[in-house]
Amino acid sequence: MDIGKDLLLEMYRAMVRIRLFEGKVRDLATANEIPGFVHVSIGEEASAAGVCAALRKTDRITSTHRGHGHLIAKGGRLAEMMAEIYGKRTGYCKGKGGSMHIVDFNLGILGANGIVGAGLPIATGSALAAVIAKRDDVTVCFFGDGASNEGTFHESLNLAAIWKLPVVYVCENNGFGEFTPMQTVTSVKDIAVRAQAYGIPGYVVDGNDVLEVYRYASEAVARARAGEGPTLLECKTYRWEGHVVGEQAFLGSGAYRTEQEINEWKARCPLVRFQKFAAESGKIDAAELKRIEEETAAELDAAVKFARESPLPAPSEVAEDVYV
Amino acid sequence: MAMTTYVQAINEALREEMERDPLTFVMGEDVVLSAFGATKGLVDRFGPERVRNTPIAEAGFVGAAVGAAMAGTRPICEVEFASFFYCAFDQVCNQAAKLRYMSGGQAKLPITFRCVYGAMGGAAAQHSETVYAQFLSVPGLKIVVPSSPSDVKGLLKSAIRDDNPVIVFEHGALGRQREEIPPGEHLVPLGKAAIKRPGDNITVIAIGAMVPKALRVAEKLAGENISVEVLDPRTLVPLDEEAILRSVEKTNRAIVVDEGHLRGGAASDIAAMIAEKGFDFLDGPVKRVTSLDVPIPFSPPLEKATIADEGRIEAAIREALGA
Amino acid sequence: MDIGKDLLLEMYRAMVRIRLFEGKVRDLATANEIPGFVHVSIGEEASAAGVCAALRKTDRITSTHRGHGHLIAKGGRLAEMMAEIYGKRTGYCKGKGGSMHIVDFNLGILGANGIVGAGLPIATGSALAAVIAKRDDVTVCFFGDGASNEGTFHESLNLAAIWKLPVVYVCENNGFGEFTPMQTVTSVKDIAVRAQAYGIPGYVVDGNDVLEVYRYASEAVARARAGEGPTLLECKTYRWEGHVVGEQAFLGSGAYRTEQEINEWKARCPLVRFQKFAAESGKIDAAELKRIEEETAAELDAAVKFARESPLPAPSEVAEDVYV
Amino acid sequence: MAMTTYVQAINEALREEMERDPLTFVMGEDVVLSAFGATKGLVDRFGPERVRNTPIAEAGFVGAAVGAAMAGTRPICEVEFASFFYCAFDQVCNQAAKLRYMSGGQAKLPITFRCVYGAMGGAAAQHSETVYAQFLSVPGLKIVVPSSPSDVKGLLKSAIRDDNPVIVFEHGALGRQREEIPPGEHLVPLGKAAIKRPGDNITVIAIGAMVPKALRVAEKLAGENISVEVLDPRTLVPLDEEAILRSVEKTNRAIVVDEGHLRGGAASDIAAMIAEKGFDFLDGPVKRVTSLDVPIPFSPPLEKATIADEGRIEAAIREALGA
């Protein structure tokens, strides 16, 4: 599969936007400028970027507590995301959601979600809606290795399989659920194996290689769109940061994984990998990548400024939006 | 006008609303054949795409209804028995109820959940429970408890058209109750109580299957010149507080009758509201007549001893009136 | 594996006790002598009998809404079972449980259960208790094909696999969940395949052959007892009767399966099959089987008499047994 | 005596009870490292057999606790945040709560569930909820809401020894609160309310994290010669109705303060009880001070506007007393 240059640059831009945005969010949360629990996905950018590059604007995604990356890759605007994370009225959810609950319906982003595994049935239902409404849109469900042990995983994949729903399940296996190593609580090494329990295709994907992710995702999305049913993709990856920003304060560092392990994965940085590909393939100029990085830095600065300068919601707004 | 049963009324409501909007669809366990008859025949009219038997996987298909609603359709989702909702509480309480708010009003969740609740004779603890109290404390849901064929038709139609998640609790023992239903488009709005029988001496607020029981007691006491007003809130959320308080202002006495439990139940909720907002109207305590605080037992004499009944309603009225 | 004569007779007795008891219960329910929902397992006797024959008295089982057979096979007394189904004070649960909730703690019967799939985590926890308490007892979890689509199936098997718990999961695949054909709501033909999602052994077993069931169960129980972890057995079988006694009244007959299908399965009756084996192997005299049948008929008559003559609970008993 | 934090008190209670009974064990998500610190270090003392990290599978491991309890052990099961209970409601409400009753008293379910509840600053709707109201209507459970280090230690120890399923709700914002705890065996019985501050003019029944808030308001109003009695029920099930009614009989005025919602909440439950059984003691309505009936919003000014606070407690007292 030959990937056109525009798409290559789009994927790189998505990864850079995620990397810079989340680095900033981490710093702001560390400085207590942002309230609440913040989970960042630095190191995992390729799966969000590669999968969303295979989607149309009218396609939909569901995401998780670690959702910034998915949202950005699906086109989420940094300013409204940042404003939401600050709890400002100009945020995507008027400050009512925060980091774990960002939604952009116009972009098909059905939402981050604070409940592990809850997005699986929701994505499945979103795919069902396409069938009912006779549309050809596809839904992607992002979730973690930890979530794959929730009952909703099982119920959803079974449902999607029997109804041949247009949904792609993307498990981002980063080796941990909170501070628990995946293999101590998960009965299989590869989550992809579980596809066999539903008679659907399941693949292990190098989650740090945006090109490989894109290829698998494109195929799965095409299958879904053609009415051939769901696919399970397992992107093997790693989060460089803690489960939640600030966890060292109560866990100490090195509590559940070694510096060495982290460094090994840092050596497999998805952005650097793409840069190498760009250079080696001769397809993209280093200057073009540089320009994307600079543009994104500027976009981010503007987003932070926007968020900082935006007003907080008024207490009276609290009662709005419970019911239609 | 023909007499229609409660179950037929549900079936009619579903049919009419499915005719009206091609984005409505029904799903749940065995909705094709329909053990209780509520969804009977719908598959013949609307086809298997819109009438879907699900696997036994409540969190999965209830959550699928949530996703389908967010993605532009209008699911009608059946959970056979109210206590099976427990298997899907996260999708109802953390998702359906909260997604609109958490998204700052972006999400719209036009879902109707239907279930059978209540004691129906020897179905025991896991098939006889009244489970709406657990949802009262979950802002974002609407809770509907229709007490008659006409109400169930009109309320269910309103629920389906409502753009919020609504749970309709259909009592298992009301299925064959008959009533005339006004012909043509029959809608009953959510949030409006009904005075099912006017009276002057005391207000009996009765919920769901307790309404016909309260009416029979009222009829009986009328013979003794005790004039009982029977008020059916019809929807617990939103609650028509105004109608309740207006009635209590007139009668100065109130009893709340519910098949749910006493502790944390709908009767306590309404009683507390009256005691706070209508305190000055009251000439005596707000009594609660509810089922006992035990799981519903299997054996018929035990079940009978557990569930609020006419004898206890009558006794409470007499005690309140010193009659 | 050579099965001794005593055990063979014990299994036959279990099957006969189930068959006669449930036939009686069906008739009594049809005659409205018994309240509530009644589900019988006629035609499925071999899986209950074969599995429980592999258990010790100190081993435990969890059961389902269709539980009479499992309870009887584990040693349940017909009189107290019948009294419970009648709602009498002398029943196993003093009339508080009824057909769907019979329990006999002394026999390791943790209970029938009205919630599909609920027994799976409970059995898993029962097995965990053996580990915590350093005992070598084993727990068997009976459940249906329909239950295998519940999230609890997934969560339980994963848990048992990672902790290597002494539990055997026995799926009785009778082809239907209520009135829904299994294959229309289940993504695989064989539930046993799902064992792969947990890295545990899974086997398809002829659920109408009590000897085959016993052999697989013995092996699985031995594995569990030896600390080697859980096994999933799928017993293929069929229920001759409706999902619930009386369903013809509201469904009509032939609503979801044909007379022909039912008759084909009746031709594979587990009791007749055992009788043939007895005759062909020359191990057991027809008279011995006959005697078991007669003894059981007498036992059942006495049970019905006991149940009928027992007192109903007094209304005042309603408040007992909520808390210790 | 040393000052102990709320979280340390939980840790001590767990340690002492695990020492006492080898059939106790702890399980839950990340109980080994323990994000909040409650189970910190237990694995070093008791080993990985008795301190078990579970998969993220609430129905599975909560149900496993049910099975383990029935099979003779005494599980202590942690559900990190109260709203994750929704994923396991069937196992709590249909199983743990009912199995003893349905089995005619054969089953014994000595399980302690622990969870963190309440608003703790920007945790938003799915991590800030007060979820005990949903369990009040489920007979068979006991519900404990400790408001201080000393109480949480003594109540948790009692909960662990109790042979029934007990859910202990630990407020996330109380973790670092400090208090002296009596040395030696310190047990607080379930079902006994505490008068946290005696007073004469009005009874404020406060639950969980509302207790310290009510105490601060009482202290403030003491300066104006308003004498507020602060009563902490400590356990919602069983509820010490006698202590509550005795206090109201003395003061003739009652307010119930809870972090849960108004509709169907614990405040309504207690208020209804007072309005029914203590009507003759009352000189005015039983006011309820609760959080607003909205999902808990993320943004700090919105969260603040939602949660019951000292300002609203004070205003309610003044209104009740016409002061």
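In order of appearance the chains are A, B, C and D, and numbering begins at 1 in each one.
The rule is short, and it goes like this: a residue touches a chain if its C-beta (ideal position, glycine included) is under 8 Å from a C-beta of that chain, and two chains touch if they have at least 3 such contacts.
Keep in mind that this is a model prediction, so the values were computed, not measured.
Chemist: Going by average Cα coordinates, which chain is farthest removed from chain A?
Modeler: C
Chemist: If you tally the C-beta contacts for C-D and for B-C, which one comes out higher?
Modeler: Of the two interfaces, C-D and B-C, more C-beta pairs touch across C-D.
Chemist: Rounded to the nearest whole Å, what is the centre-to-centre distance of chain C and chain D, using the mean of the C-alpha atoms as each centre?
Modeler: 40
Chemist: Return the distance between the CA-based centres of chain A and chain D, expressed in whole Å.
Modeler: 36
Chemist: What is the distance in Å between the mean C-alpha positions of chain A and chain C?
Modeler: Chain centroid spacing, chain A to chain C, equals 45 Å.
Chemist: Please list all residues of chain C that touch 2 or more other chains.
Modeler: Chain C, residues with two or more chain partners: 93, 95-97, 101, 113-115, 149-152, 154-155, 158, 162, 184-186, 322.
Chemist: Provide the list of chain D residues touching at least two other chains, using ranges where the numbers run on.
Modeler: Residues 54-55, 57, 59-60, 83, 86-87, 90, 94, 101-102, 124-126, 139-140, 293-295, 297-298 of chain D touch two or more partner chains.
Chemist: Where on chain B does chain C make contact in their complex?
Modeler: The contact residues of chain B facing chain C are 29-30, 32-33, 35-37, 53-60, 83-84, 86-87, 121-127, 292-295, 297-302, 304-306.
Chemist: What does chain A use to touch chain B in their complex?
Modeler: Against chain B, chain A makes touches at 60, 62, 91-97, 101, 103-105, 110-111, 113-115, 118, 120-133, 139, 151-152, 154-156, 158-159, 162-163, 320-324.
Chemist: Tell me, which parts of chain C touch chain B in their complex?
Modeler: So the residues of chain C in touch with chain B come to 35-37, 87-88, 93, 95-98, 100-101, 113-117, 146-147, 149-151, 177-180, 184-186, 247, 250-251, 255-256, 312-319, 322.
Chemist: Under the stated contact criterion, what part of chain B meets chain D in this complex?
Modeler: Residues 59, 83, 86-87, 89-90, 92-94, 97-98, 101-102, 124-126, 133-140, 237, 239, 260-261, 263-269, 271-277, 279-280, 282, 284-288, 293-295, 297-298 of chain B touch chain D in their complex.
Chemist: So in the complex, which bits of chain C are touching chain A?
Modeler: 149-155, 157-158, 161-162, 184-188, 193-194, 196-200
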